[in-house]
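Next, two complexes with chain A in common: one pairs it with chain B, the other with chain C.
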Partner chain A sequence: MGESRSVLYFVGPAFLLLILVLGFPAMAAVLQSFELLWVPEAGFSLANYQRLVTDPGFHKAFANTAVYVSCVVAFHMSLGLGAALLLNADIPGKWLFRVAAILPWTIPDVIGGIVWRFMFDTLPGFVNGALLRMALVDQPLEWLGHPKLAMFSLIVAEGWRGYPFIMLILLAGLQAIPQHLYEAAAVDGANRWHCFRYITLPSLKKMFMIALVLDVIWECRLFGMVYSMTGGGPGNATEVISIMTYRQYFEYYNNGYAAAIAVALALLMLAVSTPYLRMSMREER
Partner chain B sequence: MMRFHRPFPAATGTFPRLCAALTLGFSLFAGAPAAAQSKVTLVYSDWHLSEPVWNRSLQEAMADFQKANPDIKVELEPVALGQRDVRYSTALRAKRGPDVFTLDVNPIQQFIQRGWVMDLTPFIQKESGGLEQWKSDFYPRALDVVSSKGKVYGVPKTLVPMMLFYNTKMFADAGLAKPPANWDEFRDAARALTKSRSGSGPVDQWGTTIVLAPAGFDLRFSVFLRGFGADLLKPDYSASALDTPEAKKAFNFIVDLIRKDGVMPPGVAQVDANGARQLLATQRIGMAFESAWAHPIIADINPQLDAWNTLKLAPVPSDQPIRSTLHLKSLFINPNTDHPEQAWKLVKFLTDRAQMQRWFDDNNLLSARKSVNAEYKAIRENDNAALMASELERAAFMPLTPKWPEINEAFRQNLQAAVAGSKSTDQALRDAHAQINQIIAR
Partner chain C sequence: MVTNPRFRILTFIGLGALMVYNLLPFYWMTMSSFKTTLEVISFPVTFMPDAPTLDAYRSIWMQEGFPVYFWNSIVTSGSTAILSSVFGVFAAYGFSRFAFRGKALLMTVMLGSQMLPGILLVGPYFEIMSIIELYNTRSGLVLALTTITLPFSVWMLKGYIDTLPVEIDQAAMIDGASRLQTLLMVILPNILPGLVATMTFAFLLAWGDVLWALCLISEPAVQPMTLGVLRLVGQFRVEWAQIMAATVIASSIPAFFYVILQRYLVQGFAGSAVKD
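Presenting the complex of A and B:
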């Protein structure tokens, strides 16, 4: 009895905090999405979810999010793995390269977005300046004014900013692989590719899964980079779900609809994280 | 034996007198902090505080107000135009926010509908002459914007129409003798101004620009629509009015200027109001739709340009009865303020005749008070001001509906899509029309 009470004392504050910072806003969003909270005439309604299903704006934002997240995550995974492999090698001054590689991660996404916006600016931008100087183009490209180029620019910018996170996870995974596995493989005549294919990649499987799930969740929620670079434009070519939610809530004051979009995004995130949760629970058992 | 001293030197006749003196002293002393504590602090927020020219002018006005009202301290809170509505609405929802703040036309009806601005009618009724006399000095159209169901929620401050700003030097260099008087002339002038300044090499000077980024979009695109005899919504705001041949003409005209004629700088999709003024200030473009505030701002950006003399004003090049858009800046009081009386004092001060004259002297802006525009000598004797004043009658506000921000954004996104080429102009206009009707029907 005494022991269970002390457990309650230890767990209680954290549980309470979780309820306050996570449970309450989540519940408020769900209630708002059904028009049950903070509306002039409260009453259960599915109208916001019906609108979600039929709104071409939401479909477009969903498609944009899917393209953006899959490209950025693929970018992060490949760049992160490459950087992790390089930094895991025994090279002089390794710590310096590690610090340099992690720098983009330290930049807030809004600042990163503004910097890349200047880089991709049509007239005075660095990218167009370099391309024109090298005579690779004869007219400045509308990096942020053309729908496909704008999405591409965003993917490059966020790919650069976010890869260190994946790199760190995979680097930790690489350092946990026992060296004797490689030594045994070498004795068996395995070359570098064989070692990578049959030792490194399988050993990193769990780390890949963690990195993938966390990165997908992170990128689905990303707001600052997109907002500061394109604001969702041109047109709605780069309007992702987080930007749409913001607009509906803060600019159009459609609180219920914004809450419904947020709930839909949360459910999607829950579905994405299910494999990771299953894996963790299986291991705990 | 211990001896106890008396607590006071004289317990006889002196003691009561001393007590009385001390009591009086304490009461006087206690009165001093009470007076200091009664000094009220008001927070005044304005997007113009983040712009150097306006900031100077507002700082001076606030210093004058505090001098005249030593019991009120005013704290200034700048806010960026693009962030203004989000900042205010978030704070006001949480029953916080500045005591006094300013808005332009777009969000006012929403703020009124949601109870985010105080009803000022009781204050106005207490003014000498009452509500009707107070109202009589303001342009009725300006009062309509800040009123709802017979109640007045804001005090109009400055009122200006959108005008065509053109660079006389660049016009002369391009062999253009006068500003365009119709849309064909506008297009020809834009083509003539678009060239390489060095004579050879890539184009580095363009005819004009449009604002396609959110900040300042509605004031500028609407000029094209209205100049072609179209409008965004039907007069009763019941439906989109983009299904007319005039709307199609205007829409195609904007897109063609960018895509076919190439008379706007590359990257026009990202140009906002400040960007457009930068392009005018650096003589990268020869003309743009702006309003009176552009003169002091551009003069501040590039003093070498001699903006006051180089940039001239002309009416929107159209003979339509309504061919331009009005901009109104008004003052509002937070319904949750702890100091409504002092806030009203500040609002009254900033919108009185003397301050209205200051806004013209410092910022080139006409007053929302008819008497100031009619009687203030500096306004009467200024050619630009006279031209603007005459254009007030040929300009209208953007639709006064709470759904305006969403309607405006639907149109902007489709226009941007047409400019970017991801939709044909016909498709983009059809989509904008359908989306706006959906928004209205909801």
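Presenting the complex of A and C:
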């Protein structure tokens, strides 16, 4: 039938383009990680993956990523839920709050990182300035110079940048809950907490899970914010996997090793996104 | 729902606290950008500029080549948006209007491709772009950014085409229109707002990128805004007034468009899984 042929003309070009700009480079990265491409003497080797298992630098980057992603995502989800509930309330001037609420998310992450770097700067920074003025500290803190504080600062900064989007997803979920559920509950004598616990939370579950999965994926691959705010430092205290990969490739020229790290990260992210992808596939059927 | 006054006050306090957290960095970057080179690094800090000045803006605009970076960002992001929506609109129509074997799988592959980290691809891109001599060109950067924007555009446009009833396609085809004519003459005019929203998002995704630019551009003459600001930080560590002026410029465009388009945001970025 002509119909089934003509779908090729519509879907085909985009797919070919995607294979060209995404499929081939991804394959190339896999080949690179096995030392099969762009090396003087190509030959299959597992050395890069062996190195991955034993390299303390990678273990550190992995641990940093785990700490960073779990803290940031927890931060996003709780603040996002809180903000969505607040903005769902019927208050005057709501649109103004809504506009201000999404602003942090609109800023390019690398720019956000630069602004927060200046916020946390030791002497001319805002945070120390405000803390000193309020006499909460006696001397400036080295926010970005101390390993633990640097990770903390990064989490505050990326928490700020990322939560508005979670808020928007959850707000969409809240607004899709039929009002008559609440009215019926009120008739039955339910109080505010009952409504929240037995209507709002269960209805939000699906949106919450989608937001959670998307956020984990976005945070796992975050680059610009970390690169511009701490550059992975001090030392390697905030060196997450994406920063480590970049450094190995473009600073130390360990191309095969960098590719192996990136392949490991990609596999991890595909694993995380599988439930989401399966759900999406079911909905398409 | 019944709202009692005490609950209302608590809501306002909560929102107020949130707004302070949200807006402080914007306050700080704007105030700092109006300070003099000396005041911005003075200690103890001033929370308002003593003598507000536009010197920082003047110097990045006149001396640091920012008009060029700004233009590069517009050209690169604009081309990316056009490229991905042209390819995207055809694919979206195909996915929306045809039933074929493997469709769900293909769409999932599209979505899944967005889950791949950019850091996986930048290394091979660096090698390939050097081989085909597109390293340090805006065209090379556009091709690379398409990896982010194309799957996104297909999904978002499909969502819009899905909202149109199939009957309008059928009516057009009964009148003798081909599939292609139906798409161009009937579907496109009807999804125009959605198409504009999709292109704007693609533009903004490209505008906000720094990873690809960092790996594929070393020549300042072709670098985009984000990379220009980043390199300014590395170059003059203490010129914070200039750097903050640059961040104000680089973030004002996306802020403006995202705020205008905020009702399209959720569907656009979270895909069809969140359609209610």
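One rule holds in what follows: the second predicted complex is superposed on the first by the 280 of 285 C-alpha atoms of A that agree within 3 Å, B and C clash if a C-alpha of one lies under 4 Å from a C-alpha of the other, contacts with A are read in each partner's own complex, and residues count from 1 in each chain.
By definition in this document, a residue touches a chain if its C-beta (ideal position, glycine included) is under 8 Å from a C-beta of that chain, and two chains touch if they have at least 3 such contacts.
The model shown is predicted, which means the values in this text are computed figures rather than measured ones.
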Quick one: classify A:M119 as touching chain B (first), chain C (second), both or neither.
-> second
State whether A:G145 touches chain B only (first), chain C only (second), both chains, or neither.
-> first
With the two structures laid over each other on chain A, which partner does A:L277 touch: chain B (first), chain C (second), both, or neither?
-> second
Which partner, chain B or chain C, touches the larger number of chain A residues?
-> C
Once the shared chain is lined up, is A:W160 touching chain B (first), chain C (second), both, or neither of them?
-> second
Identify the partner contact of A:P234: answer first if only chain B is touched, second if only chain C is, both if each is, neither if none is.
-> first
Where does A:S242 make contact in the superposed view: on chain B (first), on chain C (second), on both, or on neither?
-> second
Take the contacts of chain A with chain B and those with chain C, and give the residues found in both.
-> 121, 123, 250
Per the touch rule above, chain A residues touching chain C in the complex are 3-4, 6-7, 9-11, 13-15, 17-18, 21-22, 24-26, 28-29, 32, 38, 79, 82-83, 86-87, 89-91, 97-112, 114-119, 121, 123-126, 128-129, 132-133, 160, 164-165, 168-169, 172-173, 176, 179, 182, 186, 192, 207, 210-211, 214, 217, 220-221, 223-224, 227-228, 241-242, 245-246, 249-250, 255, 258-259, 262-263, 265-266, 269-270, 272-273, 276-277, 279-281, 283-285
Across the complex, what residues on chain C touch chain A?
-> 1-3, 7-8, 11-12, 14-15, 18-19, 21-26, 28-29, 32, 40-45, 47, 87-88, 90-91, 93-95, 98, 100, 103-108, 110-113, 115-128, 143-144, 146-147, 150-151, 154, 179, 183, 204, 207-211, 214-215, 226, 229-230, 233, 240, 243-244, 247, 250-251, 254-255, 257-259, 262, 265-266, 269-274, 276
Using the touch rule from the top, collect the residues of chain A that touch chain B in their complex.
-> 57, 121-123, 139-140, 142, 144-147, 231, 233-237, 247, 250-254
Write out the stretch or stretches of chain B touching chain A in their complex.
-> 85-86, 89-90, 110, 114, 202, 212-214, 265-270, 402-403, 405-406, 409, 413-414, 416-417, 419-423, 435
